[in-house]
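Multiple structures are listed underneath, in structure tokens.
Look at the two complexes coming up: chain A is in both, with chain B in one and chain C in the other.
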Partner chain A sequence: MSSKIKFISIFCFFVFCFFIFFQSLKESKKYTPKALMDKKIINFKMKQLDSDEIITEKDIFEINKITLLNIWSSWCLPCREEHKYLTELKMNTRLNMVGINYKDKKKNAQNFLSEFGNPYSLILVDDDGKNSINFGAYGVPETFIYNSKKKLIKKIVGPIDLKTFNEIKNILK
Partner chain B sequence: MILSQIGYYSLIFVLAISILILFFCFKQLKFLNKNYYSNLINLNFLQFLLVVISFFSLIFSFLNSQFINKTVYENSHTTKPFFYKLSGTWGNHEGSLLLWILVLIIFCLLFLFTSQKKEKKYLTLTLLFQQIIILGFLIFTLVTSNPFDIIFPIPNEGLGLNPILQDPALAVHPPILYIGYVGCSIIFSSSLAALISQNINGNWASHIKKWAIISWIFLTVGIMLGSIWAYYELGWGGFWFWDPVENVSLMPWLTLTALIHSLAVIEKKSQLKGWVIILSISTFVLSVAGTFLVRSGILNSIHTFANDPQRGIFILIFLFLLIFLSLVIFFKFHKQDLNINKITLTNDLSILINNWFMMYFLSVVLIGTIYPIFLEVINDTKISVGPPFFNKLISIFLIPFLLFMGFGASLGWLKSNFQKIYFQNVVLFFISITISSYLFLFIGDKGLFLSLIMGGSIYLFLATIRDLIKRNKQNLSQRISHFGFSLLVLSILFNSIFSEEYNFNLSVGEKFKLEKESIFFKNISMTNDKNFKKVEGVFLIKSNNNKDIILKPQLRIYNQPVIITSEADILSTLYSDNFIVMNKIDDSNMFNIRYQKKPLMIWIWISTIIIALGGTLTFFKYRK
Partner chain C sequence: MKKILILLIIMYPTLSFSIENNKINKITKNLRCLICQGQSIYDSQSEFANSLKKVVEDKINENMTEKQIYKFLTDKYGEWILYEPEFNKNTYFLWLFPLAIFIFGGILIFKKKHKIY
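On to the complex of A and B.
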């Protein structure tokens, strides 16, 4: 009899543990490195995708708009997944979207945009990836959001998903 | 393309064979008079071949930089040196799971080959449990983390292996630790099998002790390598941070250590049966729990791989299935020992006490690691449990532990000449207390508590040396391990009490004066290496006794992915380590310098090797 009670109590204890862990798994532990936050955008010079015009960090911002900088590439699989969110964000008039085409071939990049649509108001070319590196990007895709004072307020490592999409929408409110 | 497919399909065949083996196991259990044993061995061998093919196709994908494979694309780069391309294979979640499966199957095969003479029912049951574990991991790998996923179009270049992981110690650390973990799976399966077939006796204990010791050796070395990596690569100037992932590797080590000691009791006296089973089960369960905590991203730590809740839920369910399975089996088949001999003041009492201490240390580590998770769920508050918690709770019990360990190991198995041993130990104890108090008088007051711990560890050190130089060859391996352990405790103590750390800012050409030394920042140079840019500073350290040291710490700017790491430069001698690390301060030409002197650092590694060496000797003794 006592063995049964022991068994049941131990069993219940582990069931309890299971639910605690299960609950804890649901809460995301992703976070943005704090070091980059509130920093001003770095200086850069990049060519445009469709023309040879040189663009610097001063040219990408528009007055009273939030600027979203998205690093993408035609060969990057997750970039395709996040593209639908970018296309939807394009509708928002408070947002200015700039793409940085990372280590890509011009032709492939253009094919990508004609296939999936172009959400960006401006596309810069970063063939050797150096500029993205200077931004503090780990890889593609990565998204940087700057406020109207040109300060970084959010960084998303990896593709934009439904959750981060909603967070961006909240920023735009 | 072709490599990925070979790898993927062979893995599926491995899964099919696993199911087939399970089927034969059930058949064998049903018809005990028939013999399916050769079938089982053949199937296992086939399974082994297929998993090797699968593993090698992943390795070749990495070596040839085949970026069509998603795992390769995410974790490798063409400019990576050969060695890190190779270690990239298991430096990521998917590849390391494949490695885990490979080792599981190899161990299963080895077990079958080495224990053919054992009873059929026991063997089949062990195989059954082992294959259940293999099956679980196979399904997990194929469903949530397939290492052979394909990307199309093929990217030109990979994303690179995290530079922090590009270190020789870390390249071999996971495989070695895995061998340790997986060895525990054999102990788990075998103890459940022995429980069902009512086979727990001295014979079984000697048989399973080999596996326990093998796993223990690999766990010890694996933990040490991780710690070496943390010391040399992370540049934090310590070797143990009570990081959740470190804790997770320590927990199975504690239970395994307790298990090895308790197995000795069963071998000689057929006692502690239930306890041994509980230890065997919890060792493996803790290993899987470790995998869960590391891989699910439930904890924030430097080690956590990509977070994917689906993976976490899968391992969680698998983990608790294992727990419930073993609970049911334990309560159904375990019977209380009927003729419990009185436990006397001999070696088995000291082993029992050892076990209590191990359990205490285990619960401290366990609670410290998972308490924050519980609190966050129940109370929605975030806390982090840091080193002070562990240090405080463990050091208090360390004093009696050290004393018992020195005393207990000198007791004989059956009868001891109590008075003689008693006298010897008391004398040793007083000698060590005297040494310790002199030491503290010499360097100034550091408190009663520290001098007691120091006294205890000096006592253990002397006692183990006394045991080590005894004439008789009996238990030599145990004495070596105990000696290693006492050396470890002593060097950790010296290291933590007498370490000096200085933190200051310097620019090139400046000098910083310490009490006995001066540090001169001579110059700085920049060079390009194969996959990173290197900024190297040269520091000249002049001490009063005219021994000059030159240290060259580096900053490395890796190109794929871009991460800046600081490489410490360390000069190790037998007495102490000089450790220097520099960091650039933004918007100025100053560098932040951290200079540390760590006495007896190298002895921490040496003593761990001695501990493992003792284990190795035992292993060879048991092979005979």
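On to the complex of A and C.
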């Protein structure tokens, strides 16, 4: 009798382990930190791309508008993929789009914008990547959406695709 | 004595530099690179890792302690960024479970041994 119980409990243990490992196989390996959700935007000081003017977190928001902060770079291929969605989002009057140019050369960034169009109302420069870390970003492209109270309501790691594009449109409704 | 003193004075900048460097290395070895998840920030050469190394260096220069730096980073990236998670209500099972198994195993062996003799 006791050997039967032993067998069943060992069997259950292995099934349990198998189930856990099997479930984790399906899990997405892309890590999206949830730590920053609902938190207010951090304090920062960054230069503009086209001028030496210093911009702080107070300057990027517009009254009653949702602010989309997009980290991009001319050398980043997925940024080209998501650019068409950003261009389309630019039409929306409820949205204010700010770009952060990540570890890029000024000339290349300008070429990128003249080739694909500039969807941003303001472009800031993060040439050593430290500011992006302050934002809690870990690569390009990455998108942060803040409500009019300057709180983070959505974060997208990686390029904006059709699914996330529709999610952003829903936020803007 | 005088010679040793002079030597120490000459070596002071290099000594303090290596102490600071050791601290950076120690912290960055405990940080997970979120892009290449099998590597630490110390090992990785990704853009993210290189920037994070600079940030850690800045924080050390601002006289932040190791704990404060970890707090700064977990506030942004969550506990996942640390290889060695802190002991709190979310991780106590993780820390104590192996210990419990170890004690349980010890008791089993102890009991068995006493049965034999």
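What to note about this one:
The rule is simple: the second predicted complex is superposed on the first by the 141 of 173 C-alpha atoms of A that agree within 3 Å, B and C clash if a C-alpha of one lies under 4 Å from a C-alpha of the other, contacts with A are read in each partner's own complex, and residues count from 1 in each chain.
Going forward, a contact is a pair of C-beta atoms (placed from the backbone, for glycine too) under 8 Å apart; a residue touches a chain by one contact, two chains touch by 3 or more.
Not measured: the values here are computed from a predicted model.
In the superposition on chain A, contact is made by A:25 with chain B only, not with chain C. When both complexes are overlaid on chain A, the residue A:103 reaches chain B and chain C alike. Set side by side, chain B and chain C differ in how many residues of chain A they touch, and the one touching more is B.
When the two complexes are overlaid on their common chain A, residue A:13 makes contact with neither chain B nor chain C.
Comparing which residues of chain A touch chain B with which touch chain C, the overlap comprises 29, 31, 103, 133, 136, 138-139. The touching residues of chain C, when paired with chain A in their complex, are 34-35, 37, 47-48, 50-52, 54-55, 58, 74-78, 80.
Residue ranges of chain A in contact with chain C, taken from their complex: 29, 31, 33-36, 102-103, 128-130, 132-136, 138-140.
Interface of chain B with chain A (complex): residues 70, 151, 153-157, 159-160, 292, 296-300, 304, 307, 309, 312-313, 316, 320, 323-324, 327, 331, 373-374, 376-378, 559, 561-563.
Across the interface of their complex, chain B is touched by residues 3, 6-7, 10-11, 14, 17-18, 20-31, 74-77, 103, 108, 133, 136-139 of chain A.
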